Each structure stands twice: as C-alpha cells, then as structure tokens.
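Note that the chains take the letters A, B, C, D, E and F in the order they are written out, and that residue 1 is the start of every chain.
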Amino acid sequence: MTGKHIERAEILLEALPYIRAFWGRTLVIKYGGAAMEAPHLKTSFALDVVLLKYVGMHPVIVHGGGPEISAAMKRLGKEPRFVDGMRVTDAETMEIVEMVLVGRINKEIVSLINQNGGRAVGLSGKDGNLLVARKRSHTDLQGQEIDIGLVGEIEAVNPQLIHLLVGEGFIPVIAPVAGGLDGQTYNVNADLVAGEVAAALKAEKLIHLTDVQGIDGADGVLLSTLSRSEAERLIVQGVIEGGMLPKVESALAALKGGVAKAHIIDGRLAHALLLEIFTKEGIGTEIVL
Amino acid sequence: MTGKHIERAEILLEALPYIRAFWGRTLVIKYGGAAMEAPHLKTSFALDVVLLKYVGMHPVIVHGGGPEISAAMKRLGKEPRFVDGMRVTDAETMEIVEMVLVGRINKEIVSLINQNGGRAVGLSGKDGNLLVARKRSHTDLQGQEIDIGLVGEIEAVNPQLIHLLVGEGFIPVIAPVAGGLDGQTYNVNADLVAGEVAAALKAEKLIHLTDVQGIDGADGVLLSTLSRSEAERLIVQGVIEGGMLPKVESALAALKGGVAKAHIIDGRLAHALLLEIFTKEGIGTEIVL
Amino acid sequence: MTGKHIERAEILLEALPYIRAFWGRTLVIKYGGAAMEAPHLKTSFALDVVLLKYVGMHPVIVHGGGPEISAAMKRLGKEPRFVDGMRVTDAETMEIVEMVLVGRINKEIVSLINQNGGRAVGLSGKDGNLLVARKRSHTDLQGQEIDIGLVGEIEAVNPQLIHLLVGEGFIPVIAPVAGGLDGQTYNVNADLVAGEVAAALKAEKLIHLTDVQGIDGADGVLLSTLSRSEAERLIVQGVIEGGMLPKVESALAALKGGVAKAHIIDGRLAHALLLEIFTKEGIGTEIVL
Amino acid sequence: MTGKHIERAEILLEALPYIRAFWGRTLVIKYGGAAMEAPHLKTSFALDVVLLKYVGMHPVIVHGGGPEISAAMKRLGKEPRFVDGMRVTDAETMEIVEMVLVGRINKEIVSLINQNGGRAVGLSGKDGNLLVARKRSHTDLQGQEIDIGLVGEIEAVNPQLIHLLVGEGFIPVIAPVAGGLDGQTYNVNADLVAGEVAAALKAEKLIHLTDVQGIDGADGVLLSTLSRSEAERLIVQGVIEGGMLPKVESALAALKGGVAKAHIIDGRLAHALLLEIFTKEGIGTEIVL
Amino acid sequence: MTGKHIERAEILLEALPYIRAFWGRTLVIKYGGAAMEAPHLKTSFALDVVLLKYVGMHPVIVHGGGPEISAAMKRLGKEPRFVDGMRVTDAETMEIVEMVLVGRINKEIVSLINQNGGRAVGLSGKDGNLLVARKRSHTDLQGQEIDIGLVGEIEAVNPQLIHLLVGEGFIPVIAPVAGGLDGQTYNVNADLVAGEVAAALKAEKLIHLTDVQGIDGADGVLLSTLSRSEAERLIVQGVIEGGMLPKVESALAALKGGVAKAHIIDGRLAHALLLEIFTKEGIGTEIVL
Amino acid sequence: MTGKHIERAEILLEALPYIRAFWGRTLVIKYGGAAMEAPHLKTSFALDVVLLKYVGMHPVIVHGGGPEISAAMKRLGKEPRFVDGMRVTDAETMEIVEMVLVGRINKEIVSLINQNGGRAVGLSGKDGNLLVARKRSHTDLQGQEIDIGLVGEIEAVNPQLIHLLVGEGFIPVIAPVAGGLDGQTYNVNADLVAGEVAAALKAEKLIHLTDVQGIDGADGVLLSTLSRSEAERLIVQGVIEGGMLPKVESALAALKGGVAKAHIIDGRLAHALLLEIFTKEGIGTEIVL
C-alpha cells in the first residue's frame, strides 16, 4: 500500500463535508455546449452525475440541443432562422426540434448515464404534463411584434413525476419541449426550463454547464460571486448579453423561486460538476440572493 | 328526463361486471395501424384508454410506427429495405427510427392521452433500462445468415419503472427501441415488445389493435377463439403468416409468461378497446392457453 | 359488431368527464321512499352505488325507514303517533325503531349492495360512536314544550370509522339511530343525519332520494337550482314545508359544513343516482351556496 | 398511603406475566347465557373486554340471543319450535331472529362496551360478507331428513373486515346471522360461528361464557383440562351432550384451525374473563390439542 | 374460584380509567435515591416500569448516581468535593463519573428492566447527540464566579432517537452525561436532564422518585398539590431548598415546556410509580400550571 | 482550476464502482489495536466510517479495549491475570471491564464519530438484549477444566435494535459485554462478538482492524487471499495462533453465517478502511468461502 493510496483516501475524505452539505438535496443541471459534444466530456459528465446520485444527492438534468437541431434541419433542406437568438419555429421545424431533442439527444443522454451505472429516465415536458407552455410573444427593438412561431414560455411545472422518479432512485433527464393548453407543441429555451424546474423543485442548486469560464465583469475579469441585484445591473448595462442572458435570467428565476444558489460554470472542463460541488471555492460564477 | 337518459344509465351499468372483473388488472395494448392514423380513431383510442384507467384498470401502451419511419427515411433520401418483413437497419436508419418512434410518435400518443384527460408518460426501452435487447440473427430460407443490422430481440424487461408509474396513476406509453449491453441501440418489433412486456407485468390481457378483423381460419372465416396449440398449428400450416405472425408469436409468448388472454382485434373500429373489454362476446380473435 | 355496440361505447365515454370530476370524492346519499320499496328501484339503486364505487367515487349511504317501523309497531299492537311530523318515541317504540332500522332495513340494504357486487358494511350510530345524539326539545305552535320522547338530534359525528371503511373499499350504510351521552338510544331524523354526516366527511355532494321530482317554486314549477338564501326564503314563505323541510334543512347544514352541492332528486326514477351524477343537467333540484 | 394500596399494586403486577403472554393476540369470546342477562354481569363483561383491549389484547365478541328471540316471537304470536336443539326457522322467524340479534342485542352489547370506555363496532355476518352460510341439512335419529328452514352452517369466513377494525383499535361484536350465496339470510348457531371465526383469525384463545362451571367428566367432577381426543371420546360416550355439544364442537373446530386453546368457563361469575386470563390455574375447562 | 380472585379482578379493573387516561402518553421518570439502592425497591421499580409499558404508556427513565460516583472516587483515592451541592468535576472526575453512570448504573438498570420482561436500551447524552451541554457558570453567594469544572447545563435535546426507540417498544434509560459542542464531556444534574427531556418529548407527566414523602409547606405539612406560582414562591422563601431545589426547577421547566403535570413522590415506597399513576389521589406532591 | 483539482475529481470517480457494489450493504468492523490509540488513526477511522455511511453503506462497529481495562485494574490495585489469552474475570474485574468498555471506550468512539459528522449510538450487549451470553468453559492443555470466571460466549444475537438504528441513519457502536440468562454479566471476546454480529446481520463484509499487516503464511509471506479450508489448515498447523486465532475464528463463523467476505487488515495504516473498500486489490488478507 503506497503513499499514493493514502493520498487517494484523503482526497475521498475531503469530499465528505460537501456530501454532508448536499445529501438528500436536489441539483438541477442544465447540460449543453461542449460538455454535450466532446466524447470525453460526455463520459465525464455522466460519471459525475452518477457519483452525485450514489453519494445521496438528487441530480435532475435539463438539456438543450441547438446545434444538432440545425444540422438535422439542413439535412432536410430547411434553413434555420433566428430572431434575437430565438429559433423561428414553424410547424415543420417544431417537428424536427422535437424529434431531435426527445428522440435523439435525450435518449443519448439517458444511455450515457445508464452505461455509466445510473438509472436515468428521459422525459419531455409532455410526459405527465411536466411542463405546460404558452406561446411567447416577441417584440423587436422597433416595438414591432414579430411572430416567431411555436416558441413557448413556461406557464406551469407539475413536478410530481420528478419527485416520484427521484424518490425511487432514478435520474430524470428533461428535454425542453412542452405541450400547451392549446394543444400545440412548443420549443422552449432550455436555460429557462432549467430555472423553472429548479424553482418548482425548490432545488438546492441550479448549475449551468456552459462554454465559457463564467460571467465576466465590465472589466473582462471573471466574477466568482454575483448578487441578484448585481446581476440585474449587469443585464441593464449590457455586460450580460447574448447567450448568457437566458442563463442569468434562469438563475434569477430560480433564486426568486427559492433555490439557494445558481452557478454558471465551464463545461469544457472535465468533471466540471464535481469541481463545482466538491471544492470550497467552486468554479465559474455563483449567483446568490 | 327522457327514456334516452335511462337507457344510457342502463348501458353504463352493463359495463359493471367487466369493470369488476378487470379492476386493478394490467392490460397491455399494442397500438398501431389505422387506429394510429385516422384522427377519429386516434381520439377514440385515447378516450378508451383514459376511461379504462379511470374505472380502475391499468392500461400500458406499446406502439409501433413503421409507415412514419419509412416516410421520414424517404424525406431524407434513404430507401427503406426489408428482409422477410424486418427493416434492414443500418446506423443511420436506426437514428431515424429512434427519432421518429421516440421523438415524434411516442410524444404524439402521450399528448393525445393527456389532452383527453389521462396522465401518460412516454418511455423508450432505454429509460430506466426498461428493455434490454440483443442483436437478432436472421437466416433466410436457404439457411444463409443475413445481417439485417440493428434489429434486436428482447433479452430482458425491467418492469420496476412501469410498476412505479402505474401505481401512481400514470399511463406508460412505450416505444419499441431498446439499448443493448453492447451499447448499441436496437429497433425491436413492437408486437414482440408488447408480448414480452405483458409477460413481465403478468398482465391480465394483451390486446393487439390491427387492421384486420381478427384471425381467419384456413377457410377464411374469422376465428373468435383460438387455443395455443391451434395457433401453433395454424402457423405451421402457413395460415397465420406475414404481419400476423409476430402478433401471434407475441400472444403466445405472453400466454407462456402467465398472461390470461391475448386478443387480436380490429383497430379500424371506433372504440375497439371498449368493445373488446366491455362486451361479453368481445371482438376479433382471442387466444387462450 | 353492430352500430349498437359502438353507440354503447360512446355512451360509456360520455360518463368520463363525470368520473374524472368526482373521482376520489365522497357522495353522501340519503336513501328512502319509493327507491327503498319497489324491487326494481332497489336493484337499480344498488347497482348505481356499486358502479359509483368501482369508478372511483366513495358513496356513503344513510337510510330511513318510517313505513316499516309503523308496520312493525302495528303488528305488535302499538299505534304510531306523530307530532309535527316527528314520531313520538317511548322506550318500547324506540326498541322497535332500532330493531327495524338496524336489524332489518340496514341489513337488507347491505345484502342488496353485496349481492350486486359491492362490499357494504352496515352501521348504526352506536358503532364506533359514529353518531352522538341528545334529546330534541320540541315546542308546539302555542309555544308549549311537548315531550316527544326519545327523538334525538345530532350532537357530534365521529367519522374515523367511515374514513377507515371507505379507504379500504367498503361502502358504509348508516342507520339513523344514535346513542346519547346519557346512555339512552335516540331515533334521529335520517335526513338530518345525512346532512351532518356529509358535513363531517366534507363530502362533495349530498343527494336526497325522494318521492317527488324536486323542489317546486311558489308557482309550482320545478326549480332546477336554488341558492342557499333562496332556499331559506322559501322556507320562511312556507313554500318548502312538511317532509321537504328536513331535507332542505339537511342540505343547508351540509353546505354550511363545507359540502359543495346538495341535491333533492326523484328516487322514483330508475337509476336516479346515475342520472344525477352522469348528466350535465342532472335531475331534480340542486342547492348551492 | 396504606398497605391496601400497596397490595393493590402487587395485584396489578401479578397480571403482568399474562399481559405479556397474550399481548397482541386475538381472543374470540362467545358471549351468552347469564352473563348477557344479569345487569352486574353485563357490566362486568364489558369492563373485562375493555381492559383486555387496553392492555394490548384483541378481543372479538360473538354473541347469541336465544331467549330474547323466543320472547319476541311470542310477543308477535309465534310459537318457537325446536328440533334437536335447533330452532326451526321459517322466513318470518328469520326476520325476527335478525331484528332481535342484529337490531337489538348486538347494539346493546356495542353500547355496553362503548359506555365502559371501549370502541365497539357491531357486525352481522352480512357486513363485508364476513360470514357466508349455506343451508344446514338435518337428519333425525330415524335417518329421516327434516327441513328445519333457514338454519345455516358456515361456508366461509372473510376476516379482512375484522383485521381492519382490530388493527385500528375497535372491538368487533358479531351477530350470528349470515347471508348465503343463494341470497337467503341464515340463522347460524353462535357457538359454531365463534369457533369458525377463531379459526379464521388464528386466535390465541376461544372462550365460551356459559351457564355451567365447565365440562364435567363421566363421574360428574369438573374437568379442568381436556385433550381433543378425550373431548371426542366424551361426545361419543354421550357425556358431552345437549347445549354443551355445539360449544365443544366449536372448540374442536377452532383447535383444528390453529387456535391454541379453547375454554368453557362459567359466565355466571363476575369477571369470568379476567379470572380465566389473569390467573395461573384459570377457571372452567380448557380444551387443548 | 374464591372471593379473593374476584377481588383481584376488581382491583385490575380499578386501573382501567388510569390506563385509558395515559394510554399512548409519555411518562418521564427520574430514578434515584433509595429506589435505586434497596433490592426490593429496585425490583418493584422495574416491574412498575414494565407494567406501564405493557398497558400502553411510554416510560422514559433518567437516572442519577451520586453515591456510587463518590464511592468509586474514593476507591481511586480521590476525595469528592462539592460547591453549593454541585460536584466539582475535574477531567479525571469526569472520567469516573461517566464510567460509573454509563458503564455501571445505566447498564444495571437496563438489565433490571430486561430481566423483569421489558426491553430497555441504555443511552448516554452522547448517543445520537441526544443531549448537548454547555459549561455551567457558577457564582457563589459573594457574587464570585467559581470554576466547578466539567459541570454542564443542557443546551439542546435531540429527541429523535427516543421517539424511534419508544415507537418500537423499547424503554429508553438515559444517563445524565452529555457532550458539548466544544468536544468536552459534561456531568449534568440528572433532575434537570429529566425536566428538559420531559419538555422535549412533550411528556404527559414528569415523575421524580425521591427519598422524601413530597414537598412540605412552610408548616412542615405535606403539600399534595402545588401551583407553579406557589412553587416559585416557596423557592424564594427558602422553604424549597437543598436537594429539592433542582427537582422543583426541573418540574417548572417541564411545565413551561408543555408537560401537563410534574410529581415529587416517595421512592422509598414499594410500587411508588403505580401508586401515583393508578390511584385517584396519587402520592406525594403534584405541581401543575 | 488546476490539474490537481481534476485529478482529485478522477480519484473520487474511481470510488464509484465500490460505492455501487456496497451501496445499502452492512459492513461489520471490529475496531481495536493501534487504530484505537493513536490520535490521528482515531480521527482517520471516524472519518472513514462517516464517509462509508454517507455514501450509502451501513457500518456497524464492534470494539474491544483490553489495554485500557488492564490499566484501570492496575489503578485500582488489581493485577490482571490471563489464562490462554483470556482474562480471568472475577466479579470485581467484570465490574471494571464493563465500566471501562461501556462507560468510557464506547462513549469515546461515539463522540469521535459524532464529532466527525456521523450519528453514532453506543450499545452494550445488554441493550435491547442485543447479545445473550453463557459462561465459557475452558480446558487447559492437560484436559483440566479451569474456571476463568465471567468470560462468556455468545448464545444469541437479537439484531432488531441494530436494524432499527441502521435504517434511521445511525451508526451502532457495540461494546462486547453481554448479559446471560442467569442474570450474570459476561466479558466476551470482541473479535468473536464481531463475527456473530456479522452473521446475524448477514453483513456483506466483516473487517478486523489489527496491528499486523494481515495473515502470513508458513513462509512468513503475507497471504492476500485465504479460503476457509486453507484458514482451517493453518490453524491446525499452528501458523495462525495467539491473538490472530479469535480473529480468524470470528471470520470463519461469519462466513459460515452467510457473510460474503472477511478481512484482516492493518489498522496502523491511516484510512485502512477506505483502502480496503475502495481499492481493487484491497489490503491485508481476505478470507472467503
């Protein structure tokens, strides 16, 4: 038994305070970006999630899938179109969105987790009426209302199904597609779904896996902590913008709904989840009340 | 209050003996064919399922989706190819199969049931490792082994997830796609999945909704009841063949696994399920031990 | 399979919205009058109750039995005597009342329900101290107090026994006889018992099966809906009087105790319960807050 | 604090070994005879039963009621008739039997127990189909079959209702009236009902309260213990005969059904139950395997 | 069966009202003094506790052990030292205190109860963090702070472990030793522990077994009842003083914490617990709100 | 975020297969020797146990305490005496043994675990009659029976209390002192207690923390695996002897009782438990069927 082994044991024990702190707590994880593409990051993500589950936490995954959707559309000869970062979603596009998100990406994540020892169950917002959406109205900078089609926003989250699955040891994996009371299917921003789900579950943490190291301040330096009011100010100042905007909005919605902390972390790092949860300093930017 | 109302009450009461007989019992329903295409039949199916659930039975749906898969393949410029009725499934085809079955058809059925008042949850065989498949080996008539690709057969059913959902009032809807221990995704015949699921759940009944009135005998006359041994004989004689073959094989597997009765019924009839379950004579052909 | 069968299926499905609306809810039914006498109405009542139970509702029966009591008294050479509609109840009469209500009528109803497929349990107010009564004081029109003997009014309802039985799938059938804290046995008006039981159970509905079509207004025309205040006014005006009075008082007590709706319906109709519960317009008169 | 008090405490403690031995066990008690007539014996019985319940045992009461039935019949101008100790029971008699047993005696016992601090629930064999009877055929000494009417014997005991009530702290009190599969109501010998109920409940003890001190041997001396085979021999020898016969048959049926001991005790003694259960030597005659 | 037996049954029945009144309730008993020394009183105590448990009450024992601690110290050549009745407790003394209380006296009580038919589990305040203590500061009459060492006072009671054990039929026996958040072990006055435990458990009664007959008034006459305010006045007047002081303080803390009654009784009487609980007048002094 | 952090995450993940393998399983750990003396080993042990509990395993601790007992005896002027490795235990010695084991060492371990984040509950074999012992007879090499006093061997283990505590998240810590049916207290070898407890709990593993690296073969080389029959042979050959003998006997008893594996590991290593459980090769010697 070499010193290396003992060092390993000590590293295991360094995890104990974090295991105790988050034991039995729900962690909503928005999965996307590079962590969903590079094979070694995918495996690293799955292992992290399974470990979290086995040491007593309750991970709930929400995933996106923009690049694959656009690729599938192109294969079918349809040109993706965006307005202010939102995909214009006609009925045919919605069909492709749903097939790719629910029928491919979601199941790939489920398999990934299961092959690494977890018991994942993939869900769309339609399952058990988990997510109910309504049409999102969009106004451009000129104050003109623009019809962006079947893009939805969350009207209600019915978390009973999640509680049921989590309580029996399953790991829910949620695709951001939701049915509306009007019978339509809606494409909902995955970041926003994650925030609403975290709020509905009164999660301990909402963690966004992104392709940046976190939120930079006006001076371009990474902010390790951000209060809710600071985050709101940075949005007004335009420092937080583009793809980061819905992530921060989702974080703010989660905090407002009772979630203790939201994190924007760098999914390009292997084991980003473990680094965030099992180290004192964490990684990326944390947003707190 | 007219006589019409009283007649209605009497019709309700005629259902009572059947409600009592099947209360708390599991009914596995293979959904496919015309019942999955014509709008009025789709609604009729969803209503039937929701009614069965509300009066205390436990419907579990397994669906197919052949025509939609072929259509999607064609749209993507791929020509469907079949060997002895089985779709030759290369990796790209498997991807399309999964997207269409899990991402489109399954969710359409879930929505359909939910819009008619049920609480459905769509599952692929990957979810919670519900279905585990292995590659199906195929030999042609010349005894030559033919590689038909990612076509699978069921190796194991893990029904815990189904029991969990059913016990909490949900209606599981299962797409016939399964992961293998080899990490591959397999396309499995939906009829056979239904039979295996019925056996694993020790269901009361397995019901196949088809596009024929039932099983005809050698003389072309509908057989209303068929014993297991008679069914086996009709297979050997070639009277049962083609698309009916997997349905009857599924029925026999279910009976062998402890299911009380299997039914081949005419899904082209509105409310075929209710007609089967709530009338003394039933419809179509029943296969019994 | 003829059109008749399909029509039947459709009639079954028309019941679905009502099954969903009242699933898991408690219905207190006051059983009496013609529905308790004519054999075909008795069977119709029992079937209705069993069907309601099987489709997920929780019927609780309270019954009366005036005519049989008078008949038994006469057989024993005792002349029934009434003051303002209340039976003057000396000790010997009370003994007969209890024997007839609890030992004959109650058990006949229990058998009736059981023979039609339910699992009924008959109770008197003494069982598990379900009903506690006190002596009812009565003043005649001249303001003179008149001793009408062992006629009681409800002092307390202890519904634990009912909840226990209902939760295990039994149908409670309650005879309106109650013990007092003074050790006496009291004869309590069944209509009033039904109202108190409905209030104690926070029932969804209280339904009185009567021998009239409902409550008629001052103009003699059936009122299909009546508000609490309108009902109170009609009592003051003397339009509601006689045997209808305790039924409406019971309805008002139930509404006051948290019951959503009370119904006065025509028990002379076969399947009056189903007609009330499974049709949009209902039958008879409904009294609402 | 006098020595008298301390002596009392010591008496309480002498009960401890018996409380431990029978804690959580079921005691079926056949209640009848003098113990059901003399006021002080009635109170003594009720107190004993309530005490047994409070110290952790599960008493289940079965009662008879012959003398009251005959009295009621006479009041109604009907002459009771017996064949070999069994009441010839025509339909009118059966109606009286049921009214007296279920509507009067059963409720009197329920009240008695409740007034002494217990929570009794009275049941007839019809409630929850507790007892199912069939017609008893009777042959006289000449081998001639005699129709004694609606006299039944137990075909099945469905003890779920008893388990439910006992588990929630209630004391079931059972009247020996049962429905048959033929829809008839049957008068069943209470002694035999007690034996069948004890067997179905796998009771610890069956205790018959009688009007004699126990079973006397051929020499007229009280037998304190009797084995099953000795009891059978005494029956053949005619030493056990008359009203003692069904009691001993009931005891033998109970033993055969898994009951540990059956007791024939003297119900004319105040607190006979406590004397039997809380003293080493017991009272009366015990019958063991 | 002699009259003596019947008298015994009557004595058993006299206990019934008390069994009913305290059924399912928690009784915290401070055990100490003569009752813990004289062999016949020890057995009498154990039997009383086991009887209370078997008739449905939940006794929880807290014990002291002063004399044995002093004896052990002397054996080890250490002279016990007291300041205002509190043992000056250096680290070595604390070790002896813990060994004697937890390792000897507690286990002797556990064995005593188990040998008399109960199922006792001994606990120190450290087990499951049942008791958390902090250092008690002490000021002498001159206002001078005196360090009395590892003497603690209760900072928190975590009663989950007690509830768990009680709910499964065990009798907890608690030694008054507690850990502090500072990692120290503290010696806590057993009387005060009993009061805090009674408050944390919302016990029905707190009973102190002492070596006097109760609390005497200023006139030297036993007070059978004392209100909280009277007790406080007697403390101020110095009538309650010395070893009685912590007992009465413990009683007042318990009453303040929601306990219904506290009793100071004479543990020198055999069966003092039964005499207190099973007689109308009780013994000793009761202190009430 | 440096590479060091990522390496740490990877080390955490290497634990995952072991967490999965032993999740929900019981591990009986015999704690003694150096691991119970050196402060850093004590903390290391406590942390290991708490980590095991938090990641889903169920550690149950059995401890010894020989050196402290001898020290206490000497302080009290008593000379420890041993026969064939067993402490000759007169009544006074037994008293010291119990005080030291139960009142000091057991509580020190409980505190140690609690201070490191667990919830330990200390038990002696007397608590809840967990361990029942009988006097151990001892024969010397000359075949002469020698009375070694109150040395016991285990007659029965009643594991209900352990199951109860483990199921609620507590960590039981057991001192090897047991009561006998004869009312005596017995000193039982802790190694043997651990084996019996492991067998009674059907533990996954029994782990002995010792002061050697494991079991050496006849050639003095550490044996990493040993079959039951090999172990028995080494005992006969005298290779396994002295203090190792009861450890191996305990292991064999555990295996015989259904335990999967027993381990003799080196408690002088920090985190010996983690090294054994979380590495493929383990440490020390494993004994298997």
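Everything below uses one rule, namely that a residue touches a chain if its C-beta (ideal position, glycine included) is under 8 Å from a C-beta of that chain, and two chains touch if they have at least 3 such contacts.
Just so it is clear, the structure is predicted and the values come from calculations on it, not from any experiment.
The minimal number of chain-to-chain contact steps leading from chain C to chain F is 3. The chains that touch chain B as well as chain E do not exist here; no chain meets both. Ranking every chain by how far its Cα centroid lies from the centroid of chain D, the top place goes to A. Summary of the copy comparison: rotating chain B onto chain F for the best CA superposition needs 120 degrees, to the nearest 5. Listed options D-E, B-C or A-B contain a single repeat of the E-F interface, assigned here to A-B, on the basis that more than half of the contact pairs agree by residue number.
Note: the chain lying farthest from chain C is F, by mean C-alpha position.
Chain C has its Cα centroid 56 Å from the Cα centroid of chain A.
Centre-to-centre spacing of chain A and chain F amounts to 46 Å, using the average Cα coordinate of each chain. Rounded to a whole number, the gap between the C-alpha centres of chain C and chain D is 35 angstrom.
Across the assembly, chain A contributes no residue in contact with two or more other chains.
Viewed as a contact network, the protein chains form a single closed ring in which every chain touches exactly two others. The chains touch one another to form a ring, and the order obtained by going from chain B toward chain C and onward is B, C, D, E, F, A.
Taken in their complex, chain C has these residues touching chain B: 1, 5-6, 8-17, 19-20, 23, 47-48, 50-51, 54-56, 117, 266, 269-271, 274-275, 278-279, 283.
Only residues 75-76, 95, 98-104, 106-107, 110-111, 114-115, 119-124, 126-129, 160-161, 164-165, 168, 170, 177, 179, 183, 185 of chain C touch chain D when the two sit together in their complex.
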